[in-house]
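Next, two complexes with subunit A in common: one pairs it with subunit B, the other with subunit C.
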Partner chain A sequence: MEAKYDFERKYREQILRCSRCGFCQAVCPVYGATLRPGLNARGKMLLLKEVMDGRIDLSNELIETLFQCTTCASCTHNCPSGVEVSEIIKVARKDMVDIGSCHPAFTGMHDVLLHHDNIYAEDEAEDFGRGKKATARYVFFAGCVGLYRETEATEAALGVLDKLGVDFTLIEEACCAGVLEDVGFPMNDKLVETNIERILATGAEAVITGCPYCARTLNNKMQYAPLRAKGVIIMHIAQFLKDYDLGLHTDKKVTYHDPCDLGRHCGIYEEPRQTIRKLAPNFVELPHHHADALCCGAGGGVRGAYAKNSIDMARRRLKEVEEAGAEVVLTECNSCVHNLGNAKLRKQKFTICTTTQFIHDLMEEAE
Partner chain B sequence: MEFQSYNMPDELYYEPNHYWVRQEGDLLVMGMDDFARKLAGQIVFVQLPEEGKAIKLGKKFASVESGKWLGKVYAPVNGEIAGVNEELETNPGLINQDCYGAGWMYKIKPDDLGEVQNLLHGTEAVQKWLAAEIEKFAKGA
Partner chain C sequence: MIDERIKADLIRIVGNQNYTDNLIDMVSYSYDASEHRARPSCAVWVETTAQVSEVMKLANREKIPVTPRGAGTGLSGLSVPAHAGVVMDLTRMNRILELRIEDRLAVVQPGLVYADLEKALAPHGFFFPPDPSSGKVCTMGGTVGTNAGGVKGAKYGTTRDYVLGLEVVLADGRIMRTGGKTIKNVSGYDLTRLFVASEGTLGIVTEIALKINPKPTMTTTAMATFNDLEDAGRAVAEVMRSGILPSVLEILGRETIVAINQNTDLNLPEVEALLLAETDGYTKGETDFQMGKVVDVFRRNNPGMVKLAASQEEAAGLWKARKSAYAVLARIKSHFVLEDVTVPIGRVPALLKGIQAIARKHSIQIATFGHAGDGNLHPQILYDGYDPAQVRSMEAASDELFRLSIELEGTLTGEHGIGLSKAPFMTLEHDAVSLEMMRAVKRVFDPNNILNPGKMALDAA
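What follows is the complex of A and B.
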């Protein structure tokens, strides 16, 4: 029988390969917050198998399970059968959107990006009190969260680059648009073209992003191939800073939260630690770290669509910060900072910020 | 007062970004009004500043979020934070359920209690302001 949906055409063999062992359940942040087996990877694979077998069909009833995934890739990383769950979910979401079944938050995000250049439908981005240079060696790409939500983190990153004497500029950036594909829509070509055109216009040799998701999108999506074809290198600021000897020091007990987009998705674990260990000899790992790190709960559109569960996932992560006894938790993702910051209880007295912001504050103290 | 399906109690004072203020002894109690509550949808996060934090009239001192919407909270008077509704930390939906009661947000110790008189107050003034706001947001402002 001919497959009805793309997810089956592309991933039938992988879905059948799921042995229902449940290793994914042990690491799924959505399951951890909800304790609902239908929401972990095994549950999702079973439902998709039912669709392939014709026992159920894709419909609005599957929105809650298929659209409630942070795409953190913990399941993929821990799957002994090698099932690429995040990729399967993305294609299944596209199939859902094609039949008109989508979470309203994601339909809303898609519609917003038809008329705005950012996911929040904000009219004006923060300009950080600086103009845009016509040309520069580097472009700093802040991302939507960095421009509209975690502006202090972005301001600090710009301040660090200034203090290091880096020749860089901001551009009138648009949303990188990667999130659209994650939630089942095609990437918005207009936004992509705007970014490519404006980055190339500066003559920059590299783009430094404040957001690991933007770095992934610019580095991996074929829509950004014209940018890469011009030789422009894309890196996250953690990669840019790792070789600097900043000459800074703190006695504080510092820990690090691996963002899924930088860690499991890009394999970048050591660069941030290299920088942090130089500043903070009193560095401790969280109970789950590197590829086993717990997700903050913000990814895959879950922060927007299932905010309460998203905050619950962040609170699980913050309990680990308490267990580690850290005074400062650093991370490399503005979305993680935002969600962990929203979830932090008043009795939890540790600080949450990006590594770059921490560096910036230490630089200011040293001056 | 009920105006075009919005409940705006007459005894309250209103800050133009849709937060209400009520005098309680030497303190002011502040929360989100019915118009903002309905516009925002399900509230998922309320920033609760530490007691003693100084606030300056018209300046942002906290934020509120519902999904992708972020609202800034501006100081209705000069003063300092005297208390916060800690229930909102784990149950921000109280604002949706009861924005004038259990969903109150902040207590403020004003430098000058008289500053509250500069806020919107009274049926006529509140109706005029709200009518303009309804029109503005209907146009997608």
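What follows is the complex of A and C.
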């Protein structure tokens, strides 16, 4: 029988390989927050299997699970059968969109990006009170969350680069557009071209991003190949900062939350720790760390589409910060900061910020 | 489809947010880790014993099947709702109610995940010894319902040996307590153990009092390879005669080893059989002494090589690989059946040889691994479920496997349960009188046959 959908054409063998052992259930943040196995990776694979077997069809009834995945990749990482769940979900979402079944939050995001250059439909870009240089050695790429929501973190990152004497510039950046593919739509070429053109125009040798997701997109997506073909290096600011000796010190008990996009998706675990350990000898790991880190609940569009569950996931992570007894939880992702910050309870007295924000504040104190 | 009136009653009992008949939940609740499938009419997420009781009263009055469910990791279709009806998901009853170390007692709710119990016991230096491979996800209710075993059966027994008492909701909604909180208890019939391995057919367990053990702090791990399956089998039997009781003694057959190598960087030698042994105790001298005896036995039985794990990390890697065996084997073919036939330990060599013969006869791939130390093997039959010829071969091979195990004075199932998979074979193992007694017990507890119907061949007249 001819396969009806792309997910089947591409991933039939993998979906059948799911042995239903349920190991993903132990690590899925959506399951952890809801205890609803239909939302877990196994539940999703079973639905796709039933579609392939012709027992059910893709329909609006599947939106709640297929569009409720933070793409944290814990399931993929823990699957003994090697099923790449997050990749399969991406293609299944595209199939869903093709038949007109999509969560309104994602349709909305797609529509916004047709007319705006950022996911928040903001008309005026924050310029952080600084102009743009015509040329510079580095481009700092903040990302939508950094430009429009976690502006303090971005300001701090720019401040740190200034203090380190880095020759960099901002550009009039557009959304990296990677998220569109994650939620079932094609990447918006116009946005991609704008970014490539403006980055290349500065003659920069590298792009430093404040957002691990943007770094992933610019580094891995085929649409950004022209940028890479010109020899432009793309790195996250955690990678850029690791070799600096900042000469800073704090006695505070500091912990680190691995963003899924930097950790499981890019394998970058040690660079941020290298920086943090240098300035905070009193460093502790959270109960789940490195590849086992719990997701903050923001990814894959879940924060917008399923806000309550997203906050519940963040609360589970914050409980670990409490358990670790940390005064400061650092991370490398504005989205994580945003969601963890929203979920923080009044009794939780620790500080949540990006590593660069923390560095910036220590620099200010030292001055 | 569920009757609107009954749906309204269920919602009244559990609340709107704890009732579902959404397609995504119904599909998810149609499966466990076996190849069985049956879609329920609805599901409820229960949070209290009182809710369980009210649901049962309703179900009993209306004669609606109720299938209790934990993590759904069972391998015999135990939690597949064969007669549709209501799936009762108990995973939200997941608290540890009491932890009394000096009494060697943990009282837990059925939805507690095994790993969370382990995590709570570890700081006290205690553990719950049955160590099912699904431990990081399976629930304690399912552990009791199947009498789950694991890799430590030879030395530490199975769940049955640790259940002291239960709170159970009966089919008609009455709430019953069995056993107690003491290590010794011979007061009246042992209703507690009647419920262990009852597969949710007699009542819904809502509270479990468990005996816990101090956890030995030291282990020694060794591995031996054999180019002949029978040498490995003989080594197992001889270890049992040696006077040493290893805490773990596992066997991996060639196909299993190959699958593990394809998915890890362990580079295990791809031989006919690999034995993995662990001894435990409180000093290195003690565990090394025991392992020395085990290794002597290995050396006497034509091993390819014998190797002690150099570090705890190396040992941990081997055990992790062993626990992933069934899932990595699942990569080879689209479908599989994982059996758990168990024979007296001295018959392990005959069972191993018999499995190979069955695979050859039916031209089907059977990968074997298992708990050699307690005679419990896991032949995993790999096949393409979309190919009718292979499905027939799988069925014929399963059938012969069960007959072989019974011929060797073994059992159909050492730890996965009868469920749907082995129900047709109950008469192979149990005589007519024994089966009639089981059915009579079922009728006493569940006269309307609403509790997990279709399992264990209890429905047959």
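As a working rule, the second predicted complex is superposed on the first by the 367 of 367 C-alpha atoms of A that agree within 3 Å, B and C clash if a C-alpha of one lies under 4 Å from a C-alpha of the other, contacts with A are read in each partner's own complex, and residues count from 1 in each chain.
We take it that contacts are C-beta pairs under 8 Å (C-beta built on N, C-alpha and C of every residue); 3 or more make two chains touch, one makes a residue touch a chain.
Because the structure is a prediction, the values reported are computed rather than measured.
Hey, is it subunit B or subunit C that touches more of subunit A?
The partner with more contacted residues on subunit A is C.
May I ask you to decide whether A:189 touches subunit B, subunit C, both, or neither, giving the answer as first, second, both or neither?
After superposing on A, A:189 lies clear of both subunit B and subunit C.
According to the stated criteria, A:119 is in contact with first (subunit B), second (subunit C), both, or neither; which is it?
First partner only, subunit B.
Quick one: is A:65 in contact with subunit B, with subunit C, with both, or with neither? Answer first, second, both or neither.
second
Could you tell me if A:149 is touching subunit B, subunit C, both of them or neither one (first, second, both, neither)?
A:149 contacts subunit B only, not subunit C.
Have a look at where A:307 lands relative to subunit B and subunit C in the superposition and call it first, second, both or neither.
Once the two structures are laid over each other on A, A:307 reaches subunit B alone.
For subunit A, what residues appear in both contact lists, the one with subunit B and the one with subunit C?
In subunit A, no position sits in both the subunit B and subunit C interfaces.
Taking the touch rule as given, give the residues of subunit A at its contact with subunit C in the complex, in rising order.
Within the complex, subunit A touches subunit C at residues 13, 16-23, 25-26, 35-40, 42-43, 46-47, 50, 56, 61-62, 64-65, 79-82.
Flag every residue of subunit B that touches subunit A in the complex, lowest number first.
42, 44-45, 48, 50, 65-70, 86, 89-90
What part of subunit A is in contact with subunit B in the complex they form?
Contacts found on subunit A: 105, 108-109, 119-121, 148-149, 303-305, 307-308, 311, 342, 345-346.
Tell me, which parts of subunit C touch subunit A in their complex?
22-25, 27-33, 45, 71-73, 89, 91-92, 94, 113, 115, 134, 136-138, 263, 324, 326-328, 330-331, 334-336
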